[in-house]
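What follows is a single structure, written as structure tokens, with notes after it.
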Amino acid sequence: MIFPILFTFFLLLSSSNAAVQDFCVADLTAPDGPAGYSCKSPANVKVDDFVFSGLGVAGNTTNIIKAAVTPAFAAQFPGVNGLGISLARLDLAVGGVIPFHTHPGGSEVLIVIEGTICAGFVSSANTVYLQTLEKGDIMVFPQGLLHFQVNGGETTALAFVSFSSPSPGLQILDYALFKNDLPTELIAQTTFLDVAQIKKLKAALGGTN
Amino acid sequence: MIFPILFTFFLLLSSSNAAVQDFCVADLTAPDGPAGYSCKSPANVKVDDFVFSGLGVAGNTTNIIKAAVTPAFAAQFPGVNGLGISLARLDLAVGGVIPFHTHPGGSEVLIVIEGTICAGFVSSANTVYLQTLEKGDIMVFPQGLLHFQVNGGETTALAFVSFSSPSPGLQILDYALFKNDLPTELIAQTTFLDVAQIKKLKAALGGTN
Amino acid sequence: MIFPILFTFFLLLSSSNAAVQDFCVADLTAPDGPAGYSCKSPANVKVDDFVFSGLGVAGNTTNIIKAAVTPAFAAQFPGVNGLGISLARLDLAVGGVIPFHTHPGGSEVLIVIEGTICAGFVSSANTVYLQTLEKGDIMVFPQGLLHFQVNGGETTALAFVSFSSPSPGLQILDYALFKNDLPTELIAQTTFLDVAQIKKLKAALGGTN
Amino acid sequence: MIFPILFTFFLLLSSSNAAVQDFCVADLTAPDGPAGYSCKSPANVKVDDFVFSGLGVAGNTTNIIKAAVTPAFAAQFPGVNGLGISLARLDLAVGGVIPFHTHPGGSEVLIVIEGTICAGFVSSANTVYLQTLEKGDIMVFPQGLLHFQVNGGETTALAFVSFSSPSPGLQILDYALFKNDLPTELIAQTTFLDVAQIKKLKAALGGTN
Amino acid sequence: MIFPILFTFFLLLSSSNAAVQDFCVADLTAPDGPAGYSCKSPANVKVDDFVFSGLGVAGNTTNIIKAAVTPAFAAQFPGVNGLGISLARLDLAVGGVIPFHTHPGGSEVLIVIEGTICAGFVSSANTVYLQTLEKGDIMVFPQGLLHFQVNGGETTALAFVSFSSPSPGLQILDYALFKNDLPTELIAQTTFLDVAQIKKLKAALGGTN
Amino acid sequence: MIFPILFTFFLLLSSSNAAVQDFCVADLTAPDGPAGYSCKSPANVKVDDFVFSGLGVAGNTTNIIKAAVTPAFAAQFPGVNGLGISLARLDLAVGGVIPFHTHPGGSEVLIVIEGTICAGFVSSANTVYLQTLEKGDIMVFPQGLLHFQVNGGETTALAFVSFSSPSPGLQILDYALFKNDLPTELIAQTTFLDVAQIKKLKAALGGTN
């Protein structure tokens, strides 16, 4: 069967709706709003916008935490803007640790690719959910709850994490408390940590006050 | 009772909140984002923005599919931007067909105004839901599922369709597979259609490769 | 090509996910929640759940308002439950009126099928948007704003309305104020209407107090 | 323990994601969209954006309604943009009244700080929910429904109200009907109010037509 | 004008839609789901469901933190279920402290009613936003971010807080880390706190391990 | 510092809110609704609910498509219910193919763990986005659009996919068209495929009619 005449409708759609309909590749130079970044013009969208290679390279774990996190959030991977999803890569050397942190903006699922990872989260009811994860295991960390990952084995561990948001955010407990100018006395008052402890971690992290 | 003094509050509201509160008429010239188009300035909003006459004219069905679709999505009808709703008009001449397609971005409800329409959708479980619809009948097609409409009678059929999104999108199966440069071999591999079948439809639709 | 062996995966999906994935036909006998009604068991879902004929019959307009509204909300049309959309039919005899009302839960788009309808809404900024709509015209009424429709011609008018919610709700101004036991004095105090006016409408509508 | 080397990752996040992640302080000069205002650049965000003092001053109740409403919506308090919440202050002098109104865009919770407030709302089923609220009492008014507040005591009443939206909107019944150019005949037709009543209130409110 | 004949439509709506449309008062005995609690049957809904007096009583601050929080979440105040909003009361005696905590499920706005409150939050970028709030001041704390409140004056402080969710949750840092059976060694590893510090706080809070 | 007296508030929260706040582990035996499954009682929630090992085992690819998909949707992995996220595993033997399909309910991000995968999707504008993905590459497939994956190398390929929904659904093109009782004539009419082609695929897939 032949189709010599095209639907005017479809031509119309093609030219005007594409950006708003299917995807909204982030235009990082334009204003952003509560729902995400503005959309790149459809004319400028290429397959490269939907592909990202940055998670293929191990992060640098030669640091004191012996761990690295490589994000593919909307800011790095514009194709996920507005699509409710993003990824990141976790490298944990032997003894590596991703310290306690939260993602204010999304839930997380982690999958272990290599090694052994001891992971856990704490609920609002203060219940601890701990598990040693082997290769192929996955674990979910509900949005906003404190959680951590630790290399639980004798070899390098690698995991990928998915988030239910293109920009889930990340609040690392130690950084939030000790890596800024929050006054030591105030931290003591609001965490009941000893002043000596606070000063020690502030010094380590470059915090002031 | 008299009201000589107006609420400062209300004046304040009038001047600053109108755009964000009640509606957000699409400004098609400004950046758009995941939630839709930017809002036209309230000062420029007129009743015309909330009214659309394009669905009052029968689409041109003198084409091989003997059908026409006339949309009133946000791109054509800026008043629906951000309001979770849009409309379109379906004209089916005798023998007319709206081929299998999906709306990635919204669910659809169709109402038959004239004639008889045989419509159906297929669920993720591959169950077929088929119905012959007479004047006044309505049918819902859940978001993202393959569906079609066919003129099932001896007279012209007319229907209006509503969508649960101002930009529901439209992916026509035949167009997606055969009306572009997707390599024939790849299509065969991913659909199990015969190469001859593919080439035939590509030729009909102007696809290449 | 032949497919002698089915994907275990797909069988798995078919049996367990169907209800939650594609649709959630309302089970009106089960508990409902903020997102809508509970889902009917997939085994009991039939094409009838996705089709509704009630909008094909003219409503009875032999009443003082000379109008009738026939809904196809989730409660009448279970297939739309959870799908963000619903429909209704408006019949306006000559001189017919749908008095001022709001839909707390959804935006509305109206399409005129026969006759002439004078419709309008008022924004939060108290701006009036009025239009005389002819056959084929559509008008959008943003969520929660006061609006009305009146038969503006010399013949019966018929329109269909779509909503951006399966249960948009309906608050008719006169009913809300005068068709219950809200104390007359309180109504006067909070609307600045004259007591005589209030008593008159209460009597007409069967309100008390 | 010391942390001489910072995560490259975290630095990366800090510089690019902050605006989109945690908050989106309204840039009232930039385009807005269905989800709210565009975000102020993170570099320009200060604590002042998250604080508002305007609700600390009693509104001016020397008007005929003997009441005042002071809003802290996104337009006044840019920090709430995109966060699903806003506040306002209600001052009711003795005999003060907030006339019947709706919030098309959000639900409301009111808390009485001083005095006595008689409040109520009407449901879509025309059921009246009335209560006399004392200091410390709270009451919720579901989105879009007609409600009012009246000073029910012999002293000044003060309440604060919270909304489930940064821009909940406000449609005051009397203003919507009588404070514009909606034709008197049309109002009579769509509300069944007497022409004399309508003219009287139009005159009081400065409406025309 | 009289209304001897009611709309069949309206009667229909009244009986079937009320629960799903306007509100969904929590039935705490029925199953809950991701969107909230199941709805109480409309027949059993009374004005009491929309009113709550619990925030009128000062919480007991004779404890070591010299503070008390009294919630009006959906679990206490069923009327807010599904409405995107809830409230709580904060009492801070002199020297009182609400220690660092987060609300995984909602943003918060606080208003000072009496006294002086020093409050602050930390962003994902580790920036501190601190402010001393006087009577009438309000401050917003974006969802999921660490924040605290401290009595900054010489008298009792009282504040009310609103949340953008009927169940915003609450994760108190000290409780999450020290008030359960999370192994001390693991806490040290994932927070870099000294073992002695951890043991001390565990002992204080009744944590084990 | 010691904490002999616990906050009544916190105990209260612990006992009543946990389920609704942080997570809602699917109770597969209870009614489900548009937002997902009902929540398991908090008392019965264990760490096992948040962990899943099923993706650690290679699927069986000894089938004609030489591929296997192993899901971790809410139905298999109850912990993700209501959290906006889920995972699956893709095994592609040499020559393996995941045929054209859509996910009506969510967007997808794929990451290649081993081998080479040639993947692509087609937009509503019929534009093809094709890429050969190597180990560590990720690609996003926007919700509802037709896409496929093919093993593009000489070794087994393994990938994990994340979805922006706990139940994204899956509609496989060939199954939807040929693996049911959709009448052959109707398929021909709505896809323009040759009857012979249709009969052939129906025979292969076990379709009838």
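Per-chain residue numbering starts at 1, and chain names A, B, C, D, E and F are given in the order in which the chains are listed.
Please note the rule applied: contacts are C-beta pairs under 8 Å (C-beta built on N, C-alpha and C of every residue); 3 or more make two chains touch, one makes a residue touch a chain.
Everything numeric in this text was worked out from a predicted model, so none of it was measured.
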Touching both chain D and chain F (chains): A, B, C, E
Contacts common to chain B and chain C (chain labels): D, F
Same-residue or different-residue interface between chain A and chain D, half as cut-off: different
Listed chain pair A-D, A-E or A-F that repeats interface B-C [over half of contact pairs the same by residue number]: A-F
Approximate Å spacing (C-alpha centroids) for the pair chain C, chain D: 26
Centroid spacing, where centroids are CA-atom means, of chain B and chain D in whole angstrom: 35
Rounded Å distance between chain D and chain E, as computed from the means of their C-alpha atoms: 21
Of all residues in chain D, the ones touching two or more other chains: 1, 13, 17, 21-22, 31-37, 104-105, 123-124, 126-127, 130, 142-145, 169-170, 175, 192, 204
Chains that touch, pairwise: A-B, A-D, A-E, A-F, B-C, B-D, B-F, C-D, C-E, C-F, D-E, E-F
Interfacial residue positions of chain A with respect to chain E in the complex: 97, 99-100, 102-105, 118, 120, 122-124, 126-128, 130, 142-146, 148, 150, 169-171, 173-177, 179-182, 186, 189-194, 197, 200-201, 204
Parts of chain F lying in touch with chain C, wherever the complex brings them together: 28, 31-37, 59-60, 62-65, 68-71, 73-76, 104-105, 167-170, 172, 175, 203-206
Complex interface listing, chain D residues touching chain A: 1-10, 12-13, 16-17, 19-22, 24, 27, 30-39, 81-82
Footprint of chain E on chain D - complex, ascending: 1, 13-14, 17-18, 21-23, 42, 47, 50-53, 55-57, 72, 77, 79-80, 83-87, 106-109, 111, 113, 121, 123-127, 129-131, 133-145, 160, 162-165, 192
